[in-house]
Structure formats: C-alpha cells, structure tokens
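Once you scroll down, you'll see the structures, which are given as structure tokens.
Both of the next two complexes hold chain A, though its partner changes from chain B to chain C.
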Partner chain A sequence: MKGVLHVAPLAVLVLAGPAMGQDAADFFRQNCVSCHTIGGGRLSGPDLKNVTQRQDRAWLVQFIQNPQAAMDRGDPIALRLREEARGVVMPRIVGMDQARAEALLNMIDAESKLEKSQFVGLQISDQPFTPADIAQGRRIFTGDRPLAGGGPACISCHTIRGLGGLGGGFLAPDLTKVFERMGSRASLASWLLAPATPGMQATFRQRAFTSEEILPLVALFEDTGRGGGQDARVGNFVFLLFGLGGAAAALVAFGFAWRWRFKAVRAPMVEAGRRVRGLV
Partner chain B sequence: MNVRSQISMVFHLDKCIGCHTCSIACKNIWTDRNGTEYMWWNNVETKPGTGYPTAWEDQNKYNGGWAADGSRLRLKSTSKTQTVFNIFHNPSMPTMDDYYEPWTYDYQHLFNAPEGPDQPTARPISMVTGEPINVESGPNWDDDLSGSPIYAANDPNLAGLSEEEKAQLSAIERLVFFYFPRICNHCLNPACVASCPSGALYKRGEDGIVLLDQTRCRAWRACISACPYKKVFFNWSTGKSEKCILCFPRVETGQAPACFHSCVGRIRYLGVLLYDAGGIERMARLPEEELVEAQRSLVLDPTDPQVIAAARKSGIHDAVIESAQRSPVYKFVKEWKLALPPHVEFRTFPMLFYVPPLAPVMANRGATGVENVSQDLFHDIDTARVPMRFLANLFGAGHEGKVRYTLRKQKAVRWYRRALTVGDVGVDLAERMLREADSNVEEAEAIYRLTSLCTVDDRYVIPPMYREEAIEMMRDPLEHKQGVGFGLLRGPRRGM
Partner chain C sequence: MTNLATYFDQLLFVALPYVAFFVFFLVSITRYHWRGFTYSSLSSQFLENRQHFWGLVPFHYGIIVVLTGHVVAWLIPRQVLWWNDRPLRLYILEISALACGLLTLIGLVSLMLRRLTVSKIRVVTSKLDWVVLLLLLAQVVSGVGTAVLYPWGSSWYAAMAAPYLWSILKLNPDLTYIAAMPPLVKFHIVGAFALILVFPFSRLVHILVIPNPYLWRKPQVARWYRAPGEAAGEPV
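Then we have the complex of A and B:
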C-alpha cells in the first residue's frame, strides 16, 4: 500500500509526457484555429508558423496567458499586434496556464517544421461566389436545409438583412456585418470551423459545421456584408406591428368570450331607468 | 339526532320604524376603522327597494347561495375546480359602486373659502381616494322610497306581480313601504363557509355564530360571492374579509348584541334554538315550496325528553337547554309559526327570522271620507297594500301559504285585543277568527304579551356561554396563575 502511494505521482509524470502533445493539438483546435493558422496565412490573428523564432519565448508564454495585461502595460509588441489585428484583442482563454502555454509553443514548433501543418486552415479561393452559393447559404441560414451535424439553424438566434417577414432571432448578434468584422473569407471560415464564443461553442462543439456548409455561409455573409438583401429594420417594424395586432386581437377575443361577465349592477340599472324616463 | 345549539333571532317588521339606530350602533362599535368605511354589518332597507349592495337579492346577477341539482347541493358561485381557476378573480363580486363609495365632507372649506357671492359648502370627499367626488349612491340611497321609479321599481321581489299591481304600489293613495333591517343570518348551511378556499370561515360549535378567522383569511373573497345576503365584506386596508360577529364578546358576557340593545322599536328577539345538524343537507335539497317547513322541522322541541337527552350527549349544557326552553325565538318560529326565514330559496337556512308586516288596510277616499275596501274578516290580507305576492317572494320562496298563515294569525290576534280593549268587535267573533287562524285565546294572549308588553328579559334570553369551559379544550386556564399577569400589549404613555 505504502509502495503504491510513492509510485503513483511518478506514473502520472511518465504518462503526462506523450499525452501532452496530443492534448495541446486538441486545445489548439478548440480554442485557437478560429483566429490563427500555422503556415496558412493571417486570419484575425497572425500566422503562428515559426513564431518562437520571431519572438522571445518567455514573452510569448506570458502574453498567451494574459494578452490584455500586456496591452495595459503598454508593451510595444502587444500594441503593434493589436494594430495589425485592427483592434481585436486576443481573449483570455479559459484553462490557460504556464504549462499549457509551454506545451502549445512546443506543439507550434513541431508543426512549423512540417511541410504542411494540420492547422494550415481552410483554403478558400478568391474567385467571386456564384448566386447559387449565396442562395444555398441562405437556405442553410434559415434552416430550409438542415445542418448535417444536427446543430440548430442560424436563424434561431441570429438575424441578417434581407430575411423578410419577422427576420431572425435577436438572442445573438446581427450577422449582417459579420464579414466586415472578420476581415476575410479565410478568417470567417476558420471561425465557423471552430466557433470560439461560449454560446456558439456550447452549441456546436459536438455538432460541427461541415466544409460544404461553411462555404455557402461565407458566401451569404460576404453578400449581405456588401449590401445585398433589403434593410432589416423593415422586419423589426413588421414584428412590432404583429405583436400589437396580436395583443389587440387577443383582448377582443377575451372580451367576446366573457362578454356576459359580471360588471356592475347599480350603474347600469340607474342608467336604464333614466333612459326609460327620458332623463338622458 | 345530532343536536346543536344556535343563538337565533327574530325581527318583528311591524314594529320597525326605520330609524337606523341599530346601524349606527354597529358602525360605532365595529366598522369605524380604516378599510371598513363602506361596511354596514347591520343595515336597514326600505321595501320595496333594491337594498345594499344594490339588488343583492338578484342571484342571477350575484350568483350567491346554493342550487339543488338533483341529489346534491352545489354553490352557485364556485366549486372545488372553479376555485382553482378563479382563485385570483371571483367573477360575481359586487363592485364598490354597488355598495357605494364612502365619503366625508371637507368642513375646513367652510372656514377657508375665499370671499365670494355664494355661501361656501362642505364638499364631499371620497374616503377611499381623498379626492372630491360627486355622490351618486349611498348605503340607504333608496331609503323611504327615494328614487323609487328606479330603485323600488327594480326590487327583485316584484317578480311575478302584474303590471297593475306594480302600478298600484306607487299610486299616491296606496303608496306603501316597510323596513327590512338586516344583519348576518348566521345560517345553518352557510355558503360563505363552504366557499372559503382557506377554511377561514367557521360556524362556532357552541352557539352557531359564523365567524371569520382574520389570521387564516387569504383575501380570495370567495365568501363575498357565495353569501347570497352579501353580508361578508372585504376590508381593503387589512386585506381580509370581515362580517357580523353577533357581538359575541357582548353575548358571552350576557349582553344583547349592540344592534339589539339599541333597537328603538324593540323589534328584535334573541334566544337559543336547538337543531338537528344531521338533517341539514337532506332538508336543503328539498323543493323550494317545502323549504320553510323543512327548516322548521330542523328546529327541535327543547322540552322533548329525547331531544334533551341527545343534547346532553352532544355536550350542550343544562343551562343552555333551559335557556332554549324560554327562548322567544322558539315561540315565534316553531310554536306560533309567525316568523319566517328571508329568502329561504337561497338554501342557506338563515337563522334570523322575520315576522312579516301586517300592512295597512287598503282604503279609498270616498265621498264621506276614507272608506275601507272590505269589511270581510280576512279579506283585507289579500287586498292589503303590500301585495301578498311580494311578501311571498321575500319570505316564502315565492309560495304564499306560509305568509298568509302568519298574517291571518297576526290579524286575528289584533281583532281579539280590539274586542277586549276597544269593545267594538264582539269577543265571539274574535274567538272565531282565532280558531280560523289556527290559534286560541291563550296563544293570542301570549303573542300579544311578547309583541307589545315585552321587557328586555323577555326579548333577549341569552344563554350562559361557558366560555371558560370551551377554552379549557384549547388551553389551560390556570396557565398564568402565579405568573406576572398577561403583560402589557401596548406600553402606557406617561411623562410630562
């Protein structure tokens, strides 16, 4: 019994070594690929190929753990990065600590040496999208074409311009300008590949988008971002009118259903008596 | 036989002068608090009239009381299921306007008004909102037939009267009205108790007074819809319902309730009745025309040895049984059959009985002065100014038999006394009338004494309540013996 106790921590150390590499890759896939590639070019964040040769490793370890702190400190490199990312600051990743940052950098080093990294990201041509792509994207957005992974349709939480009728959901941000915010097809597509916000992550971690779905969606967002479709405010106004009309109709229906309800005794009696005697 | 005792009441309507002293006595003692301004636990109505709240007798509107559906009794206003769905909204409740909006006057205005061409007046101010109001109704708005083309004309008891009879009611030579004082009837089969979702209302076992537990009341107000006499009221300040308590603190100490005590016309009688609680439900399901007799049959003879034995078995004290034997109510209700329950068709079995008024004889103004319509012995009862049909709607569930019986007997007693004191009627004739009215000389003498010569002790036979023994069931009366007393509920204010 005593022997087992002594051996146990050792076993954990031994097992942790090889496991750490795979763990770091998974972590990178879940948390980083929405903004970074390794050898795939810039998305929201910079391409991380050979990053440890460009920057001091100790600085990197610290920055990864708390990017905002580096900005607040006025660190010149961090500020330059922010400028390059057009103001987007890398969020603080849940579960990030020194050991994990080191493991990630090791993994990035290893991936950088490869001919083609697994994190090279989605490669999307610069050819203009066809109207068919955009239409397909709209069908996916509205749920006419169900998502292959089984996830809910975009419209249940988001809206974009040009949906018509009551528009989409208001639970999550309006996606009309999302293309502008993300900057490029590649970054938008990467983001959809591994959505990083808590709401999207919880919903789509087990029901990921397929690349056949991502492409039309990017096409749709690019189109609406450039001013395609009609103004969304019309949809909001219709929604308001619909609500007011519905409430009024419900009140009328209640009033009719309970039209014989008890209202008053004396006032109607006196009113009727006066009318009979011609006093009103 | 499940014998219980009940403090019951008789109001003799021929003696009521409509002075409202009873209402004021009650108001001053019980309902001069915040939130009770509009309540009149005791009120006096003019009949024909719509009363307070307006047209309370019209259960097509208010849905109060019980309905007998075949083999079972059911509340008109609610049911166990409906209570759940209507818990936040009882649909058949009188509005404030149906009672009236209580008001006072801005007397300060008489002193503060700026100088002007007119006399300043004390303007009416609502006691609910504090704003000036235009007074449109009050608790006795139709007193003495005021506004009768609207109010008296809508009396629900006029149902079934011909247009001619209705027109006669308001003809100037025949104009007639009587007063109808009302308090809680402390019913045998109270609808308010049955309707309460919180179980806050209860009928006190020892004396049958219906009370409302202020700590258990949850303001659902089902009682207010259910009571067909509209004698449960909602206090908007405390958020609890309240009702007549028959001045139980006074009754427990041997005093008559305030409204009885203050009655100028001495119309009120109070005493114990013994009744059979086991028969209530069966009797309350009977057809309307049998209800008066059914309620009478529930009242037991306190001199019957079997009844006495059963009463003792139910824990009724010998002194209460003795009190029941002297009860004036028993005489009026059961022995003489003069007093009738109001609106027995509501099936709550009210334990406040009324002796119907013997209305004045119809007369016409003739060439030689006033001429009576009829010289026949009893004929005037049917041609009396108050139509028999009207009294039957009020006291006989629409059936005239019981009302005619009591009016005939009252009339016979009057003629008998007239024969004795005035002497313009032969005693033989008077005795024949008594026989025809199912009475005799002894009974006529007793009716005369209890009606006209009654003392306070004749009218109010209040049983000893034995509260100390009743309390022993709940707590030890010696709990505080050798203690330091009950303590101060509110500290005295002393000092300079």
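Then we have the complex of A and C:
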C-alpha cells in the first residue's frame, strides 16, 4: 500500500505531461493562432518561435495574463509590441492564468525545436486573386453560398462597401477596410481561422470556416479595401422607410377591413346566416 | 471585461432569467388555481371604443407576429438562417418584422394616450397597469431600435441569442454569445425577463387563456327567443 502511495504522484505527473501539452496546444489553436505563428512569420502579433530566448520568461508569464495592464503601467516592451502591431492590443483571454501561461510557453518551446511547427500558419500565395475568387467571396459574405460549418453569413452582422440592396449588418464592424487593418493576407486568413473577438469566437467555435471559404473571403476583403472608404448608412435609412411604409399600409388595411365596425355587428351576421339558409 | 461587468452579466443574464421563470410558473399556476376568475384582460372596450380600436388592433397584430418570430427563430434557428441565405429573403423578413414592430409601438403609444386622456379609462387603470405599460414601451422601443441600429437581427438572433436562450433552458448558462452585445441589445434581453417576472401578477395573464377556438369557430349570433312583434324583454 505504501509503495502504491509513492508511485501515485509519479503516475499523475507522467499522465499529466502530454495531456497538459495537448491542452496548451488546443488552447493556442483556439485563442492565439489568429495573431501568432510559431515559425511562420509575423501576423498581427509577433512570430513566437524561440520567444522565451528573446524575452524574460517571468515577464512573459505576467504579460500573457493581462497585456492591457502592462500597457497601462507604461511597460516599454509592451508599448513597443503595440507599436509593432500597429495599435492592436492583445486582448485578455478568458481562462488565462499563471499555470496556463506557463503551459503555453512550454508548448511554444517544444514547438520551436521542431523543424516545422503545427502552428506555422496558413501559407497563401502572393499571386493576385482572380475575379472569380472575389465573386466567390461575395457569395459567401452575403450567404448566397452557405458556410459549410453552418455558421451565419457575414452579412448578418457586418457590411462592406458596394454590397447593394439594403446593405449588410451593423452589429459588428464594417469590414470594408479590414484588410488594411490586418496588414496582410496571412494575418487576415489566420484571424478567420480562429476569430479572436468574443462574439465571433462564440459563434464560430463549433462552426469554423474552411480554407475553401477563407481564401475567397480574403480575396473579397483585399478587393473592397482598394476601392475607397465605407458606404454611408443609406441602406439603413431605406430599411426604416420601408418599415414605416409597411406599418402605414397595415393601418390603412385595418381601417378598411373594419370600416363598418361602428355601424353594425349583429345585423350583417344574422343577414348572412339567413342568406345561407335561403331565407332571403 | 472588468470584474464588475462580469458580475452584472451574471446577475442579469443568469440569475434574473431563473428568478423570472420560477416566479412566472409559481404565481401563474397558484393564481389560476386559487383565483382563476382574475385571469382576464379586464377589457375597457365598453367604456371607450373608438380610440381603443387604433390601439388594440395594431398593438396585438404587431406583437403577435414579432413574438412569434422570436419564438420561431429560437426553436428552428438553422431554418431561419437558411431562409436568410438570400439577401432578398432576408430583407423581406426584416422589413415585415420592422413594420410589425412599428405597428406594436404605434398601438402601444395609442393605448397609453387613451389611458392618460380618457377619464373613464384612467379610473380603471392601476399602478401595476402603468408598470406593465412602461415596461412594454421600453421593450418595444429597444426592440425597434435594435432592429434599425443593429440589422440584421433575424440572423444574429438565430446565431447568437438563440443558443444563449437554449443554454438557459438546459440549465447550463453560456454568456459568451451575448457578453459582447451592445448595451441596447442587453437592455432588450433584460426587459424581456422583467416582463416575464411581472407577467403573472398583471392582466397580461390573459395571454394564457386565449379562447383559441374562436379562430376557427363559426360566428355565433345570440338571438332573443320571442314571437315576432313581441316587445323586447328577458330571453325565454
């Protein structure tokens, strides 16, 4: 019995090792790949290959848990990172604590030693996109080509310039200039692979975009970004006018349908009944 | 997200719905059991009929369609998203829903003005009636505001609000879907729970005892049973 007690903690450690690594990899895939690669070059955030050799580990553990706090206290490294990311601040990630930050850094160390990490990121050609790619992207955006994972079409919450009709949604940002904001095809594609904002994360965690959807969307956003600024919210105003028109039409219809309401109720019903029975 | 915001989200989107539904079922059932005859809309149509029409009719037609839309998108969100896959179909659905929302608003404002301006109606209006009317007004204004400012609600409701509501029903609340929603949308959700909370105490209970057979039953005419030429009097 005593022997068993001595062995048990060891067994837990041995079993927990790979499990924690897998947990960290899954966590990284869900929360980090939208902005970081390991050996695939810079996206919105820096390439994390060998990051623990470039930066003090204790500082990294603290920063990962609350990036905004480091900015707020004027940490020079944090401020430089923000500048390099063109003002994009790493969000505070739900579920991040010291143990998870340590596990992530261990996983990044292990991945950095590999010739090619699983987190090297999407590799996208620099060749110009074709009009067909852009048209496919537009079909995906509007929902004309439904998303394979069953997620809602982009138009549900976003709009872009030149959409036509009543335009897109305004629950989430206008994506006309998203390509400019993300900086590159790789950044945008990686972001779509694992969206980092709370709303997108919740909606698409079980309904991820496929690479066949991401590439046309990147083509669309690259194209819309070239053509000028955002549309005014004209579609929104027209939508309100249509709604008001519909309500006014319904009121007219109610008035017409019940136009005899103050003249008679019982008499016409009796009359109709007699007519049916052939008494009139 | 700050700790305070998280705390308020937990209070408003986890605790409040359970309190509201618990009170709703408990009070609705006990009230029906012990005071069943108070289940009534307490109609004031006999006291004033002309203004009543322009409040009651648009309000009820509007709210029935809008509420049905919310329930349908909650029950079959995938089918609603499928319908919205074509922008034209999405626009038709949204315009229809907005028109009904505006009808509800016009009807509600008309009913409130009637209760304020007609002395006979003011006398039969309780404080609780005003609480319900103001809650309804806040709810309808925030709903129409959400539809106009944050289109296209029929899609994002099906994709984000419906999973949250299902998570409440499954006793496993998941706030990630709504945590980042704009304040107006959050206000609308909280308003819905507040209305569910006051529902069983108010005349809104008439919704639970709608005489549905009236929808398909043929009109019935009450006739006095008397000989032709006889003076009107008590029915025989």
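As a convention for this text, the second predicted complex is superposed on the first by the 237 of 280 C-alpha atoms of A that agree within 3 Å, B and C clash if a C-alpha of one lies under 4 Å from a C-alpha of the other, contacts with A are read in each partner's own complex, and residues count from 1 in each chain.
Please note the rule applied: a residue touches a chain if its C-beta (ideal position, glycine included) is under 8 Å from a C-beta of that chain, and two chains touch if they have at least 3 such contacts.
Every value quoted in this text rests on a predicted model; they were computed, and no experiment measured them.
Once the two complexes are laid over each other on the shared chain, residue contacts for A:Q201 go to chain C alone; chain B is not touched.
Once the two complexes are laid over each other on the shared chain, residue contacts for A:A264 go to chain B alone; chain C is not touched.
Of the two partner chains, neither chain B nor chain C is touched by A:A58.
Once the two complexes are laid over each other on the shared chain, residue contacts for A:G150 go to chain C alone; chain B is not touched.
Touch counts on chain A: comparing chain C and chain B, the chain ahead is C. In the superposition on chain A, A:G273 makes contact with both chain B and chain C. In the superposition on chain A, contact is made by A:L240 with chain C only, not with chain B. On chain A, the patch touched by chain B and the patch touched by chain C overlap at residues 261-262, 266, 269-270, 273.
Per the touch definition, chain A reaches chain C in the complex via residues 92, 94, 142-144, 146, 150-153, 155-157, 165-166, 168-171, 197-199, 201-203, 236, 239-240, 242-247, 249-251, 254, 258, 261-262, 266, 269-270, 273. Chain B contributes residues 50, 53-55, 58, 61-63, 91-95, 97-98, 136-137, 149-150, 153-154 to its touches with chain A in the complex.
Every residue of chain C that touches chain A in the complex is listed here, in rising order: 1, 49-50, 53-54, 57-58, 61-62, 78, 81-82, 84-88, 90-91, 94-96, 98-103, 106, 147-153, 155-156, 158-160, 163, 174, 176-177, 179-182, 185, 219, 221, 223.
Chain A contributes residues 261-267, 269-270, 273-274, 277 to its touches with chain B in the complex.
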